[in-house]
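Structure provided below as structure tokens; questions to follow.
Chains: A, B, C and D, in written order; residue numbering restarts at 1 for each.
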């Protein structure tokens, strides 16, 4: 009887381990295109708010995964949305947080000149999976920097729902 | 009599201007982001065929409108999909058609070196509205050139349904 | 007694699963810097052969992971080694294989103009882990294209030993 | 007497020429790839400190000689580490020293815009041989600017041991 109980615990432990394997296989460490599409649909939120946005999603390797430009939004925001997303992944922080320390006198002044051009005002945010692992980033451009950052944050949460 | 002639010329000029305005109104038609999302969903077709694609949609002004990269598809195809779409809109023809005349000895040899780099093999196709007006272009990269072209054609038809 | 035997089998299965987890944690789907250093040391092989090489290693996201330039090797080979590695990862094939179909009349003629410049002659090879998953790529430049390709192949095998 | 004066001038000119030759011979000294690998291994020091760094080594001609990116370190630090090393060699001073005079109002304001982009915060340090001749530079990026500078300094000393 004791050995049977032991066996059950053992089997349960095995099951847990296998499950943990399965979960890992599902989430991987890179954003999927299904998840990226979910993030793009954040534009519905922007539509409701009446903000015209460009939304870029990049993967863990900082390569473009998905993009949408809302009708009537700035053409110049295509590149800015992509660069905000890359900036957020390059340094694993919100683009605006980097901007706080890249000002004249800041500890990384003019860091924007690296990596083919960074954008360090708000609107870029890393995307994390449910374990907190960074699997990509979103960049939003077209509204005010507050609107851009807010919609980027909505986007990062989209894949957790 | 002279004044009548003057009037006729004036009326003709006015007509020309109005016509030119109408033509302009047609040309100014542009793919909407809703339509661009429909085009992106062509990836469902690629999924069924088991082809891993990058799909780019640009507008009438040749600026990026929407993009999706399927999981596991070539990273190098991001830029190629976008360049195929631009090539198709820059010259209002399928990218592969331009490639036929850009070979050594061809009438537009090495045209690929213009515009920051063109891609002139198949996979880029102009997108037309129901009146046949070009409102953008699609670029597909990741499969064989035949698969890329076929899926691009499916994409161009997506907005007509 | 039977249950004890059962328990042992169960424990063994658990151990195997845990080990497989550990192995996974070590290899992940991205080349580690320890592995990249092993690949760099392929230059010892080049030294023996009397070939002066530049060796670049990139990760699964096509971002630079490690690099070494042998004394006296071509300065112009820095960029070529890096571009060969990126080309191999961008399209998951040896750079020379892409070059075979990018010639005039080939199905991807002038593909070299994409992605900021590709190098499609031999010397770039994807790096795979023991499961065959691509975890990065190596690019070698400085010798003949045969020497470059051979040393790149030695490099890809270095992490499996 | 006049001829003696003439001789003295002539001898002095000869001496100057010889000296200038000697100086030139020293300057032409260049970091070897063996030394560059020693510098790269500074990452062991970073590992002990728990800092995730990118380490770049360039030669006397400011061309990339060796590079390593530690697992988990910023992707955006690849370019910054290389640019810090180049900045240190371009002006033969620690990158942070240049940054002190490139701020708004500084004597070389916005010098970062030259040479394809400089990085003028700390982490780039010239590498000298035992005679004090500059033979290359190291650039470190990924930690705080203090950590980057400290590890760069450890790196420059590595070849002297």
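Everything that follows uses one rule, which is that a residue touches a chain if its C-beta (ideal position, glycine included) is under 8 Å from a C-beta of that chain, and two chains touch if they have at least 3 such contacts.
Everything quoted here is computed from the prediction, not taken from an experiment.
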Inset, instruction - Considering only mean CA positions as chain centres, point out the chain farthest from chain C. - result: B
Legend entry - Distance between the centres, which are taken as Cα means, of chain D and chain A, whole angstrom: 36
Inset, instruction - Using mean C-alpha positions as chain centres, tell me how far chain C is from chain D in Å, no decimals. - result: 30
Inset, instruction - Averaging only over C-alpha atoms, locate the centres of chain B and chain D and give their separation in whole Å. - result: 49
Inset, instruction - Among the residues of chain A, pick out those that touch two or more other chains and give their numbers. - result: 59, 61-63
Inset, instruction - Name the graph shape formed by the protein chains and their touching pairs; answer line, ring, star, complete or other. - result: other
Legend entry - Touch list for chain D against partner chain C, complex: 30, 32-33, 36-37, 40, 43, 59, 61, 63-71, 75, 78
Legend entry - Parts of chain A lying in touch with chain C, wherever the complex brings them together: 3-4, 6-7, 10-11, 13-14, 17-18, 20-21, 24, 28-29, 59-63
Inset, instruction - Sort out for me which residues of chain D touch chain A in the complex. - result: 74-77, 79-80, 83, 99, 102-104, 110, 112-113, 117-121, 144-145
Legend entry - chain D-facing residues of chain A, complex: 61-62, 86-87, 89-92, 104-105, 107-111, 113-116, 118
